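Both of the next two complexes hold subunit A, though its partner changes from subunit B to subunit C.
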Partner chain A sequence: MTLAMTGTVELEPSQPSNARAKWKHMDTVLDRSGPFTDPDFRPGETPKESLARAKVLVIGAGGLGCEMLKDLASSGFRDIHVIDMDTIDVSNLNRQFLFRQEDVGKFKAEVAAQRVEKRSGSGVKITPYCGKIQDKDEDYYKQFAMIICGLDSIEARRWINATLVGMVDEEDPDSLKPLIDGGTEGFKGQARVIFPTMTSCIECQLDMHAPRAAVPLCTLATIPRQPQHCIEWAHIIAWEEERKGDILDTDDPEHITWLYQKALKRAEQFNISGVTYSMTQGVVKNIIPAIASTNAIVAAACCNEAFKIITSCNPCLGLPGTDNYMMYTGDESVYTYTFEHQKKPDCPVCGNLSRPLQVNQDSTLGEFLDSLTERPEAQLKKPTIRTEAKSLYYQSPPSLEEQTRHNLSKKLSELVENGEEVAIQDPAFPTTFKYKLVFQK
Partner chain B sequence: MENEIPPALQGPTAKEKKYDRQLRLWGAHGQMALEESHILLINSGPGVVGLETLKNLVLPGIGNFTIQDSAVVTQADLGVNFFLEDKHMGQFRAEHTCNLLKELNPDVEGHFITEPVELFLNKPNALKPYTLVLVTAPIRPELLSQLSSHANATNTPLFYIHSVGFYSHFAINLPLAFPVVDTHPSPESTTDLRLLNPWPELVQYAAEKTKDLESMNNEDHGHVPYVCLLLYYLGQWRKDHDGRVPQDYKEKTAFRNLVSDAARTNTPEGSEENYDEAVAAVLKSLNPAEPSSAVKEIFKAPECQRIDEQSPSFWIIARAISNFYDKHTALPLPGSVPDMKARSADYVQLQNVYKTKARKDIAEVLEDVRRIEEEVGKKTKVDEKEVETFCKNAAHVKLIRGRPFHVVQAGQSIKWGDRAKSLAQMLTFPGSLLPLYIAFLAYDEFTATPNKDSLGSASQIPGAADARLDVENVISVSRKIIDDLINEAGTFIEDPEYSEVLSTTADFVKELVRAGGAELHNISALTGGLVSQEVIKVITEQYIPVDNTCVFDGIRSKSEVIRV
Partner chain C sequence: MLKIWSMKQKQQQDEAASAGTKKKKVTAAQLRVQKDLSELSLGSTMKTNFPNPDDILNFELTIEPDEGMYRGGSFVFTFKINQNFPHDPPKVKCTQKIYHPNIDLEGNVCLNILREDWKPVLNLNAVIVGLQFLFLEPNASDPLNKEAAEDLKVNREGFKRNVRTALGGGSVKGESYERVLKK
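Right, the complex of A and B next:
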């Protein structure tokens, strides 16, 4: 097969001419060079072949995922895989446009794959997997040319990021999988491109997505002031006291109604107004507003990068030394800020140096571990911690947990030296976080 | 007890469940406006961007949409347009895209028109049913002018949209006065505590809560709301500074230290949360309540100065608030209080102090509104709720002055009017996307110019056939547009800047022509997202819409909003 070097339209030999006619729009761009294309770009057959052969993975078949599947299938990608463990809920229908009322309760990945495959006609194959990304191993992820994420969970993002960084083998260029990640919240969102180990990774950028500070327990228990405080009280304290044993199901209307009534009563008691059913649901389920337009923007920005990476028909985001992050805000006019987020040498996932962490040496190990949940640069839930010399605390197995439990009440200054390195592991992440504990005073 | 459950406890309705994630943004009010709208899409060219826009409007539940499109489905549509299937080949595009869009939301009514746009527009009252009109390029300039005249004569918002290769552009023609009250400012920017000019009830409340502050036990001391602390220490400061409050950054910093030093450290935590909050609030809450220039502009607007019986309620309320400001040198108090460390009862009492004052301000404005209505003989009364909302958002209301966008006519130069100066300046800003907008104008002029080689007035798309030849032509058009702009601005751009502007623009032109009129799905989907978002803002009259032109560069993944 000869490569098309000229600017003329050439039909792909592997397909009948009318199948290629479908791609007339895209081919016009792929058959020509532009003012910004790399001098090595060969218009014509090469980019088309790359597109047709590329196997890509979309993680998430929700608001962003639905859009991404449509965008990729309508941009010439033919071998698309999609992972999602969720089933369809009625509140998805205002934006997850591949789903209908009658699909409620079915697996998202399956329905999304079927709809896009049917619409796109022959030549596009979409393979769903209804389950967790953690079910899959490196061999699975290794088969893809790139991974495109449309997730709403920070934890899943960090997991896939750490996995892809861990997979990179310097001897094998094929082990480096570009990661394209999108996220939205109401009218805001971001799209970013990561070349694992080469450029700033999700973990390097973690502090851009700081978790909301939790309301102190004593406020909930004794001095509530806001309707949300009353709801959190019902959620965290009243449920535990009055319905111990019942597992709270935030999708069960009876459970939400119970919490709502509890919160309402407490609010009345303290003269606080504003508790509503919708607010109760919002607080308890940590609902983030989501709309079709923002999803469309962010998903398309991600798939546009995927298209450029695979075809090389124009420069993409994410190469070392270039912009890799697009921030989007749409509530006040339209605003994008596209910049290069710098790789952090002390990134616990992709860096070599351990990251300094300011700590109060008088706080106990237990308090320190609790604080890791809220620290924007850590955000760990069930940390196991050790120094080079000793085990400080192990979450599991039970025998080790028991042996190390007594350390939880000890002061940090009794356990580590100022500036000492600790290794922290969390079952949610396939990596070891290295921190240097620096005493505050 | 159990059978006395009020209706609210039965949980949300089916509609509230389906639209939950968006109702949390624009509320029932915004949703109702969407459901009452009827949106017309005049779809031309490849037509993807128009449908991607409509998709994001059908999903959140607009009332009606209509697609005017006389094109017949071709092979080329099938790859790039998600709302068509192989079996639709050779049939009307309007019909099948309409049907597939309707599937997305059974609550939305969809209609289609297959007659050519010239015939459709020539019918009397053709555009009357529509709340808002979207038109995608390419379209003949005389038709676009006709749409633009209709928009201006009837105050119907009009959007003109391009999506070509890796670039896109859209322009919005809003009514001459497009006010937004419910702008949804960020919560941090809305806190207005009036610490520099407190009213008597607030002063009294603070005095009560800080009585014997120094001798309070730690428990009480740590629960004094920070608003009271700041008022207390401001009193101390005033005593030492001839009655003045901290003026500049230096004084504010000194005041902050005064507060910070007063915090007790002999507590179990070694600090006090309420003092921490007070310290953090010093710099942002000790500013005089000066309205923004946007609000002052509204007060000065001719519509606000001259109220008559035809005046819309926005202007009547604006006038009453302007009067209020003249009298009190303050806007009506919004009345909300941020959360702060305090005992429940104290906090609720503080909230009430603010709420009561806010209600008093609203009552005063309302009274003035009624007086103005009486004075000008206004038949219908302004809704009280509207006055309340306006008062609460008074510092953040926004007025956008809509104006017609450029309709490029073959061989005629473009007029930039009062924007010429600022735009000519912008041409030289590094990274500015104004040259991309100019490339689009040149692209339109090329398209509007009758093809010399063909019979009749068939338009030609740059790059559809011979890219190299067309590039030269479009570049020379773009160069003329730049020179005209510089001339109209009465300025001069020197080399090397001038050559840089030309070459930047030429590159944008080359990339546009490379696409030969093709749409790339991703760019159209992204642009459809942007446009639909703006349509939602315009219809719900919430959030702040683009004023008035937006361009997107899909190579660098950057957008820019330009006031043309």
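Right, the complex of A and C next:
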């Protein structure tokens, strides 16, 4: 222990005051209040302690994730977890600065965690998990103070969002996990903060994501004009026709080569030039050009919000009734706009949380639905009802009504488990009613 | 952090505590499809079929046009909806080999709202109306079956005859089609 021998105190997580030396610069905002600081903020040890103790999760160790891990570690977060299922590809190296040539093929989360941990010295612990976010359950997510996302997929965002909204338990303050989400596409990006169930969630904001630009199928089939059209044709039409049954794996070089050759031939027929292997890969995998600096801007914004939420040293983005969405547009000069995205009352995820409903498990589904039509807050006329696994009863379309009709005479206990969630819809209402059916005995 | 929780409590004072956890929740895609199904207006020319009634994300739609050139036919489409619905459009395919300018021999359908013009505000009803429209007004300017489109453009009457032949299971221009007449 060279440090100890030369008289310097060793930096140990258990000795927060000494370990804090390298984050001394942050004290300027933690040791005193600013003009906008909440009056309840107590400068000094309290926020420093919160920061040192907070366990945070970064989802994604790619372009945004690398930046976030670095930013969090250098702003004083000590216990950081990172989750990513991907391995490092040579095309990542231009911007995912934690990775080197020799890391190609290794798991991103593992390498990223190692690099930042090593660079930050003792006092910072980064725990990687190499796998899907869906592998983990509520107990896993419950251990963190907040979740910070640097994702590239809408599907993963929707999943974590729905999970965090579903985790909120009215009786347990610790079940509410702030969600900070960063996203970039070329020169554009956004940073947003969500307090699940309290403020507008990812599902409420789904229309903020631009849909993938698609070319009409007939253009692909008959009059391709661009090399990309030929590749899409090979991807959507030729593969289906000639390799039916084979599931396309966009990471399999043989598959990409096949598509590339097909696209190339088609491009020749139509006198189109420019089809390359890497373009094929780009079109098929829907690779959007990532710009390192945009990632840096968005990740920095996200980390500052994380810092402010944990320490309360300054107002953060996303508190109910305040701005929660910062968009950054760099493709036409520079423009940023921060606004409050409103919570949608009919949001399928956070709009109507399931409420417990006492039911007699011996009554039939039909009787239960009849009782719902009498409930004052529901007053349903033609209710349709399902669980995650089963279609219990559908009023429409007719074929489904016929197929589910026999359930009406079954007992609830035969159809649902105690505490299971049901979703009920009625054409008379725009929203879904969700109940957790609790058996009376 | 504590402040946020006290705000939460204030916000939802009247909400009751929830019971039971860890049970599977109805997914956002299921909720939306359920809503779309309850608002479906099929009329007399269309019907649905759910091979597995518990799985509302995969089903078949049969269209039996009662007017136009495709009158008397019975056309079956598969709908495959993924968990990213309604961000992603449903995947719709015709299960039969039919003679139609906007449907290729593999069953791919060229309908703008199924690809380039899809928006999450659109619903299954819009798609179904779009499909129905393809049989009433086949569109030669968006060809997926080029021969059929050319045929429709050049000789409308001849095209009508070819459609009748194909519906009956005959061959048109060397390609044989499935018999899809209504039973």
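Observations on the structure shown:
In this section, the second predicted complex is superposed on the first by the 295 of 441 C-alpha atoms of A that agree within 3 Å, B and C clash if a C-alpha of one lies under 4 Å from a C-alpha of the other, contacts with A are read in each partner's own complex, and residues count from 1 in each chain.
Here is the rule we go by: a residue touches a chain if its C-beta (ideal position, glycine included) is under 8 Å from a C-beta of that chain, and two chains touch if they have at least 3 such contacts.
Predicted model, so just to flag it, every value in this text is computed and none were measured.
By the touch criterion defined above, A:Lys55 lies against neither subunit B nor subunit C after alignment on the C-alpha atoms of chain A. When the two complexes are overlaid on their common chain A, residue A:Lys106 makes contact with neither subunit B nor subunit C. When the two structures are aligned on the shared chain, A:Glu417 is found in touch with subunit C, with no touch to subunit B.
By the touch criterion stated above, A:Asn314 is placed in contact with subunit B alone, subunit C being left untouched.
Shared-chain residue A:Lys136: touches no atom of subunit B or subunit C. Of the two partner chains, subunit C is the only one touched by A:Thr432; subunit B is not. Subunit A meets subunit B in the complex at residues 7, 18, 21-26, 28-29, 32-36, 67, 70-71, 73-76, 90-91, 93-95, 97, 100-101, 119, 121, 186-187, 191, 223-226, 253, 256-257, 260-261, 270-272, 276-278, 281-282, 287-297, 299-301, 303-305, 307-308, 314-315, 317, 323, 326, 330-336, 338. Interface residues of subunit B facing subunit A in the complex, by the touch rule stated above, are 8-9, 11-12, 14, 16-25, 46, 52, 55-56, 59-61, 75-76, 78-82, 85-86, 103-106, 165-166, 183-184, 223, 339-340, 342-345, 347-348, 463, 467, 506-507, 510-511, 514-523, 525-526, 528-530, 532-534, 536, 543-547, 550, 554-559, 561.
Chain contact summary for the complex, subunit A toward subunit C: residues 38, 40, 50, 137-138, 145, 154-155, 158, 162, 166, 169-171, 173, 176, 178, 195, 197-198, 203, 206-207, 209, 211, 213-218, 221-222, 236-237, 240-241, 309-310, 312, 319-320, 348-349, 353-356, 382, 384, 386-391, 394-400, 403-404, 417-423, 425-427, 432, 434, 436, 438. Residue ranges on subunit C touching subunit A, taken from their complex, read 1-5, 7-8, 11-12, 15-28, 30-32, 34-35, 37-40, 42, 47-50, 53-56, 83-84, 87, 102, 104, 106, 108-110, 112, 114-116, 118-121, 142-144, 146.
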